[in-house]
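Inspection log for the structure reproduced underneath, given as structure tokens.
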Amino acid sequence: MLKIALIGAGRIGKVHAANIAHHGRAELSAVFDVDQHAAESLAAKYGAKAQQDLDAALDDADAAMICSSTDTHVEMIRRAAEKNKAIFCEKPIDLDMAKVNACLDDVKKAGVPLMIGFNRRFDPHFRALKDALSRGEIGKLEVLRITSRDPEPPPPAYVAVSGGIFRDMMIHDFDMARFLLAEEPVQVFAVGSALVDPEIGKAGDVDTAAVTLTTASGRICQISNSRRAIYGYDQRVEVHGARGLLRAENHLENSVEVATGAGFRRAPAQNFFLERYEAAYLAEMRHFVEAVLSGKSPKPGIEDGLRAQMLADAAAMSLETGLPVRP
Amino acid sequence: MLKIALIGAGRIGKVHAANIAHHGRAELSAVFDVDQHAAESLAAKYGAKAQQDLDAALDDADAAMICSSTDTHVEMIRRAAEKNKAIFCEKPIDLDMAKVNACLDDVKKAGVPLMIGFNRRFDPHFRALKDALSRGEIGKLEVLRITSRDPEPPPPAYVAVSGGIFRDMMIHDFDMARFLLAEEPVQVFAVGSALVDPEIGKAGDVDTAAVTLTTASGRICQISNSRRAIYGYDQRVEVHGARGLLRAENHLENSVEVATGAGFRRAPAQNFFLERYEAAYLAEMRHFVEAVLSGKSPKPGIEDGLRAQMLADAAAMSLETGLPVRP
Amino acid sequence: MLKIALIGAGRIGKVHAANIAHHGRAELSAVFDVDQHAAESLAAKYGAKAQQDLDAALDDADAAMICSSTDTHVEMIRRAAEKNKAIFCEKPIDLDMAKVNACLDDVKKAGVPLMIGFNRRFDPHFRALKDALSRGEIGKLEVLRITSRDPEPPPPAYVAVSGGIFRDMMIHDFDMARFLLAEEPVQVFAVGSALVDPEIGKAGDVDTAAVTLTTASGRICQISNSRRAIYGYDQRVEVHGARGLLRAENHLENSVEVATGAGFRRAPAQNFFLERYEAAYLAEMRHFVEAVLSGKSPKPGIEDGLRAQMLADAAAMSLETGLPVRP
Amino acid sequence: MLKIALIGAGRIGKVHAANIAHHGRAELSAVFDVDQHAAESLAAKYGAKAQQDLDAALDDADAAMICSSTDTHVEMIRRAAEKNKAIFCEKPIDLDMAKVNACLDDVKKAGVPLMIGFNRRFDPHFRALKDALSRGEIGKLEVLRITSRDPEPPPPAYVAVSGGIFRDMMIHDFDMARFLLAEEPVQVFAVGSALVDPEIGKAGDVDTAAVTLTTASGRICQISNSRRAIYGYDQRVEVHGARGLLRAENHLENSVEVATGAGFRRAPAQNFFLERYEAAYLAEMRHFVEAVLSGKSPKPGIEDGLRAQMLADAAAMSLETGLPVRP
């Protein structure tokens, strides 16, 4: 049985808490949150202790699940590593690469497992795509195309502290690109505009972006991001190989089609990321628990978190300079 | 080169005329129509003679293409058979089975080839389905389902002389059922209602009908007909076999999908039978010309025309009596 | 809080137990099963009591959830009704209509709510279809078509005691037909064959069946059943109205498409009914709990259970006699 | 009636000849080809004169249809312009922009209409997409994505004289981008690799390429090209606007779906560009004939040919330098 201390009882913390409770070999031992009320309410639901003292929360646990705000991640990772706990940390580790590197050095020294919350790797549909690719169904990968469009833009206040679209949103796609390309990108070229909301532009960010990655062997990856998709959360992956094409399509709200004089209409795509990736969050937690209990390194790990952030930084620099950048 | 006399210069006659002109080994030699103006106009377009004298039209030709009104078919078939011409006749041969039988006896005696215009057998899509079935892709056929829905009901005046929905419309589906079942139905059960247009009910017909066919070996076929489909001409076939399913879906007006807050919408189905079955009419003519030129019997032939009409008659009797009928 | 005694700890009982545990306002108070071990194991999982004494199980509960074998349903319903408990009973109530009628009279006299487990009414997709129909998106219903094909046939031993395909399998479709037609069928015509497994034929049943229902206003419903669908559990509904078409398509195992020289291939349909109807079972339980707690009659109720069985009986008689039957 | 002299009786010349013959207000007056036999054979088919003398071919015509090899286009355009004929010229005008500019100056001076054969603008499906965009169905365009993948690579000998993938293949996509963006790109960034056939790499070209275009207002266009798609000719367009998404999907060889234990499989995409764009070539010719007869400028015209080639040149330079290029 793996006892897990949850740090951060917000939206994503609640998802993880439910999945821990659902897992037969894990239990939620403690909930820590600066908002004491949130901690208590979540802890009560699953028979865990609400802790105001982080040390106490960690001492009693085997693993730390870090879901607090991004600016606290590095500190939380350090404290859990010092106590030799297995760590799960939501992405990104930190917006500052220097801090990320220092932190990861500490984790390596401590020798504790660290898993980064790139949940999409665990989506059963992307996983089925990856499996088909690994089985060689379409031969060697040549071209990859990733589409991520959020249903609606975040508030400008969030944008201002988010680290920008590449570090906050496209980082998931950079990880997916690495996951599928099976080769590190050697060049990043980014373009972007504030087309959805001029306030996002004023906050120094873009809301519509396209990135081209290339690898040493000549593989090409195109990523398309937008902060708006009124037909639902748009999450698609398309892979071209020497012998064919694999693509994962959007998930619609229901399976009903209505045909009238206007044509054949199906439902919008599932709109909410927690609904779209419900199975992914569950599988991700299962992987973490099982890896830690069996003494294996959970994946995606330290290196994966680092590499995705390097691509995000390179994209940000490419947008700023107008030039392709080596990550 | 096969010289063809066209009898009937109406809508379907024009389609056949164009396809004859398009065929490298056939030519339109004469056009006969009670409407002399229609005959002249169509003949002029393809360099044929407009004939007011049916004998003259036939004498100069190798084959007769009969596209006149249904009540004239039997007479036209007899006259062409007497002159030993190959015959293509639009369905149905006649609404009166006694006349049909007598006529077909004459044709058999004359020994001329006769092809019935069940164009759907030549649709490349249904043909691909049939080919997959014949190749054994889904094993032995067990269940067949055919959907035919016209975009809109015909005028009540037409309904009154049409012979009813089973002989006028579902006869195509009876032929398709025979084509795919590869076994003769031994029982026909029909239900029907006038839901689309009460005038059709007053004219003694139904506009919405469902038929169940069964064969001696236990195969089951469900047919669904309606005189209305506002999303376009609905033409679908679904076949279940021991090892899977084959289905031919509708053809949409274009390949564009639009996604908005209301969902994902595609175009209506092609609305007009001449557009939907354009390729089928062309392939049908090609088959007729090539079969006749090479001395083979074109298919569907006499027997096919007869059998489909027997099923239509049985369905009409089933609707009238409320009982299953042996055709 | 609604305390529920579960009667029958088999496959479907386990599903309901989990959904009760998941519901915020219900709790599993007792589990009764002739297999004491099964009762104990399930009870332990959710903190309920395993009871060997049915009376004790019922006394402590507000409601009875009857998931035992069909031949015990009537007895269990009577005992729960005598103790004035709200009742949820899996379909069918009994294979013998006389017993069903007597039992339902008892329930009516006792005045307790009784809900029948026609889970498909609660499937979010069929529900979305029904809602669109109720909103008038396609106008008045004219034609209904229901497809249900099980992934594979049950063992012949099960078939022998199942009551036959109409009472065991198509009963769900009869309920769906009533749910959507919003008008009682006045005629049932059935055909059927043993094409999938000759042993099923020897057991006196069919494995491939088609039924045509008609209503007084002329609505037509075609149902197609088979005990085999190797491409997955085939569950489709298609409704034609005066202004269009609604259809609910199958749910595929994943959203990945692979394109090779052989074409574009998507995953098989979800194969297992518990996976396909997972959300339906959850919603069904939610409805039962909320209706009982708020003093409303849960639906589908007594009348619905009765009517569906009358249609099943009529279909069985139609198959036997070869004639259409008034239910 | 527009009399048209066809220059070049090759594959595409034959398509245009058939479409001219099919048009009610145009006729093929002459066919000129360096291969006298090809000219005669095609001329005979449509009752035109096979001319060995270009002047004679042009003198007798109202318009010249230039389908000869690319290196002769400029010369043919000049000769037709001198004789004051309306001109249709297949793309590209020439691989050398200096020659193109000089030639187009001559055309402008002569004041004759010149249409460039960007046939995809006339595809009914892309046209439907463009119309929906113009009607504002998805609001203002923000992101455009174009996929073009040929079924198989051309022979290396062709590649060597083709001008490279951007001028030979992607030029169609550059024109489509301009057609849909309704704003000129101000930056072009290209990447490319020889992944399909190393011989193409040795010939100094790439066979897999991705281009990012940006416009002054911040619109982003991603183009993906490959010389191989074993699932058929892959031609897709996707447009994101402020209020939704429009996409045109591939055209499959037939409408049949087969479902087995392996899943649901549809046919490959139509494999041959003449089949996929059959309707586009017909509509293109109709537009040319009608524009010239009514004294209007056919579109796409001189400027469109020029602009698409400028984008192709910029892409080639971007690939060479590794930097974004202003066209």
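Chains here go by letter, A, B, C and D, matching the order in which they are written, and residues are numbered from 1 within each.
Operating definition for what follows: a contact is a pair of C-beta atoms (placed from the backbone, for glycine too) under 8 Å apart; a residue touches a chain by one contact, two chains touch by 3 or more.
Keep in mind that what you see is a predicted model, and the values were worked out from it rather than measured.
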If every chain is reduced to the average of its C-alpha atoms, which one ends up farthest from subunit B? A
With contacts counted as defined, which of the two, A-C or A-D, has more C-beta pairs across the interface? A-D
Report the inter-chain centroid distance for subunit A and subunit D in whole angstrom, where each centroid is the mean of the CA atoms. 42
With chain centres defined as C-alpha means, what is the inter-centre distance between subunit C and subunit D in Å? 58
Interface hub residues of subunit D, defined as touching at least two other chains: 230-231, 243-245, 259-261, 267
Name, in rising order, each residue of subunit A that touches subunit B in their complex. 230-231, 252, 259-269
Note: in the complex, subunit A contacts subunit C through residues 124-125, 128-129, 132, 137-138, 243-251, 253-261, 267
Would you tell me which residues of subunit C are touching subunit B in their complex? 142-143, 145, 149, 187, 189, 191-196, 208-210, 212, 214, 217-220, 222, 224, 226, 228-231, 234, 240, 242-245, 322-324
